[in-house]
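Two complexes come next, and they have one chain in common, chain A, joined by chain B in the first and chain C in the second.
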Partner chain A sequence: MAEKEFWRWKEYNWHDENIDWHGCDAITAGVDVGSVSSQAVILVDGKLYAFATTRTGSDSPKSAQKAMDWALEDTGMTLDDIHYKVGTGYGRVNVPFADRAITEIACHARGGNFMYGNSVRTILDMGGQDCKAIHCDERGKVTNFLMNDKCAAGTGRGMEVFANLLSVPIEDIGELSFQVEKEPEPVSSTCVVFAKTEASALLRKGWPKNKVIAAYCNAMAHRVVTLLERIGVEKDFAITGGIGKNIGVVRRIEKELGITALKADGDTQTAGALGAALFGKALLEKSRK
Partner chain B sequence: MGCFCSYVPEEILVAGNILPVRVLGSHEPQNVTEPYLFGMYCPFCRDVLAQGLKGRYDYLDGITLSQSCLHIRQSFIAWREHVEVPFNYYIYMPNKVQTKAATPYLKTEFEKYKAHVEEVVGKELTDDDLDRGIAALNRNRELMHKVYEYRKGDTPMLTGLEAMYMTVSGMWVDKDEHSAEMEKVLEQLPDRQMIRDTGTRLLVVGSENDDTAFIDMVESVGATVVVDDHCTGTRWFWNSVETGDDRINSIADRYIKRPPCPTKDWEERWRFPHILQLCKDFNVEGAIVIQQKFCDPHECDIMPLRKTFDEANIPSLFLEFDVTVPIGQFKVRVEAFLEMFGVDDLF
Partner chain C sequence: MKANYGYMDGSGEYYITIDTDHCNNCSHHGCITGCPKGMFQVITDDYDDEVAEIKEEFRKKIKYDCADCKPTTDRPPLPCQAACTPGAITHSW
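The block that comes next holds the complex of A and B.
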């Protein structure tokens, strides 16, 4: 019998049935091929029309195509109907249908600006295998950034490993992490493998799962706060990426920073692809002038 | 003669008809240095020692260290102990160069080194020999300056990668042969047609750097490295020996006054105004600050150096180097940095 995959987060697609894209002036798309997940976002005249979020496979071009096909599903739209397509993420140069590649750092800043509003000055992107602390201006243009180095602690992949270790669905981790009598000390915050070893020891010692989860969320929050402190946090502050959906980590980051993160109007995991699609719109307009 | 630092007085070696060879790493993973170097010593000193232990410098007749940092000193000491080499010499190059006593002190140390070289070659070095050594080095430096001049224009006539090949090869090749090659290059440079976009003009500054793969990557994503402050670049060749009657004193004075390594750049920081001048002269738009992991002297400079860049409105990107550089991870950082200069078309 196949082992249950507790790490699996929700893969889904969506489109706005109230928008009729036929005859629209600017249809643009962004595809974010990340190390763990891939997203495609379609904008119609600058408005969010459709998106899909799915797991990245071993083949970047196929992952890009899969995300795009899924975003297009049931819309009646085809790839040829899209006027400008931008690739981003670590697989950005492997998006076969892209007109241009832009880094995920620029795209998360632009997507975060759209998602959270133009008051955002610091964006923390907690992705599959890296974290980025980004400063941006009122247009969502990057003014400074910092990425984690040589370590996947504090990233989505680390959380996936933990969900499987504890046999807890990844989407329940945030809530469960607060079901503890007292906040425990964080486990190792510098290495996913060490954290896993430490958690296994705590479970053997008789710690309830929720307490171990809390210790891990605490470690992850502490890890990214040290990254943020190196660059400084300017208000308003927002979190993008998959971990942005995990309140166990988000609230602990907020507590450690003493700042409340803006609430997202949309799926934080799609911010990079959204930014890419927005850049696509600007590039399309420039190309028509 | 294997030189463990750019502070080894090559003039004296050339005077003795000895070929100075800068000892550098290979940028390959290795597993031979663990018994000899602490884990928190820098990857460059580790890479250097690995080359000795693997026998890749088995053609050397001798090695010389001119004191700079503890890490490379440990590589030298381990090399001396564990790699067979006929001659070795440790020059007590002072770290306190910002004192009047520095040149006379270094003069005495270089006199001792001259005596060592005389022992190696089995003959006395005359003033004529020293003049020949000084002339060869000065000519080589002057030609490198002339080549660097061609990087100042709107269209640099050579890439940063080509400049790195030029300077690093100059640390290995016979000076006269190297100078002759540069003279040929200088004849061709004015008419060279560059078929690449210059992109963002960058300065690269920091620890030892001979990582051609890194520079190549940077220049493949919309930038040109127009100048550097590295001991494998300008810090090595920037100033010449001002000849005087006391040759050894003149040579010592040159090494005391050259653009300093951060181990020697105190109590004032002489290097920062020099770097800002390079930025001005070469029309630099942004700086990449690199540090060999655990390189304490450069690490101590990073915060004030980046502050200096900020105050001069020169954006900077910091990257930490290891024996092998993760090109993919660095590429996204460099590309995002470059996008900061040119994203106006995206809004």
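The block that comes next holds the complex of A and C.
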């Protein structure tokens, strides 16, 4: 029997059936090929029309194509109908159909501005294998950024490893982390490998799973707050990326910072691809002038 | 834009910050030749501005690559900062 994959998060696609894209002036797409997940977003005249979020495979061009094909599914639209396509993420230069590649830092700022509104000034992107703290202005232009990609602590991949170690579905981790009598001290907050070893030791010592989960979420939150503190947190504050969906980490970050993060009107994991599609719209307009 | 390159680990913080607003009006790009390790390059960024950045291959080992310029006993002027007359570069030490 196949082993249960506790790390596996929901892959899905969506499109807005109320939008008729035929004859629209600007159809743009963004594809974010990250180290763990890939997303494609399609905008029709600047409005969110379709997206897909899926796992990145071993081949970046194929992952980009898969995400794009899935976003296009059941829309009647083909790649040729899209006027401008932008690639982003760590695999951005390997998006075969992209007209331009833009860094994920700039795309998350722009996507965050669209998703949370133009009052957002600090965006924390908790990605698959890195964490970025970004300041942006009211147009979603980056004014300051800091990236941690040296260590997997505080990243989606770190959380996947942890879900498998504890045999807990990744989507349940946030809720379970609050089912403890008292908030435990964080496990080692500097390294996901040490954190894993420490968590195993705590389980052997008889700690209930939920308490270990709470300690790990606490460690992750503390780790990224340290990163954020280096550039400072200006209000409004928002979290993008897959971990933005994990309330166990998000609420602990909010508690440590003393700031409530804006709530997303959409999937936080698609912010990078959304920003790329918005860049696509601006670049399309520029090219037509 | 302030671009921070580097990392923190158990032993400290190792960041080089470039205030790229200065780079647009910089004609000499002194950072490129000023750094003995060749850590800087000038690129066109996402907003189509010409800016300096730290090359990818140095970003995770700044502690070691900058060590020769940073004696433990003193804080001498760093070659990159001396070469950048607009004053765009700061180090976290």
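Please note the rule applied: the second predicted complex is superposed on the first by the 288 of 289 C-alpha atoms of A that agree within 3 Å, B and C clash if a C-alpha of one lies under 4 Å from a C-alpha of the other, contacts with A are read in each partner's own complex, and residues count from 1 in each chain.
Following the convention adopted for this analysis, a contact is a pair of C-beta atoms (placed from the backbone, for glycine too) under 8 Å apart; a residue touches a chain by one contact, two chains touch by 3 or more.
None of these values were measured; they are calculated from a predicted model.
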| item | value |
| --- | --- |
| Clash or fit, chain B versus chain C on superposed chain A | clash |
| Which superposed partner A:Tyr116 touches (first chain B, second chain C, both, neither) | neither |
| Touching partner for A:Tyr90 - first (chain B), second (chain C), both, neither | first |
| First, second, both or neither for A:Ile231, with chain B first and chain C second | second |
| First (chain B), second (chain C), both or neither touched by A:Glu104 | first |
| Partner chain(s) touched by A:Trp9 [first = chain B, second = chain C, both, neither] | neither |
| Partner chain in contact with A:Lys141 - chain B first, chain C second, else both or neither | both |
| Touched partner set for A:Phe279, first chain B, second chain C, both or neither | both |
| Doubly contacted residues of chain A, that is, touched by chain B and again by chain C | 102-103, 105-106, 141-143, 145, 147, 149-150, 279 |
| Sites on chain A touched by chain B in the complex | 90, 102-106, 110, 130, 139-143, 145, 147, 149-150, 279, 282-283, 286 |
| Residues of chain C defined as touching chain A within the complex | 1-4, 7-10, 13, 15, 45-47, 60 |
| Chain A residues touching chain C - in the complex, by the definition given at the top | 102-103, 105-106, 135, 141-151, 190, 226-227, 230-231, 279 |
| Parts of chain B lying in touch with chain A, wherever the complex brings them together | 320, 326, 328-329, 332-333, 335-336, 339-340, 343, 345-347 |
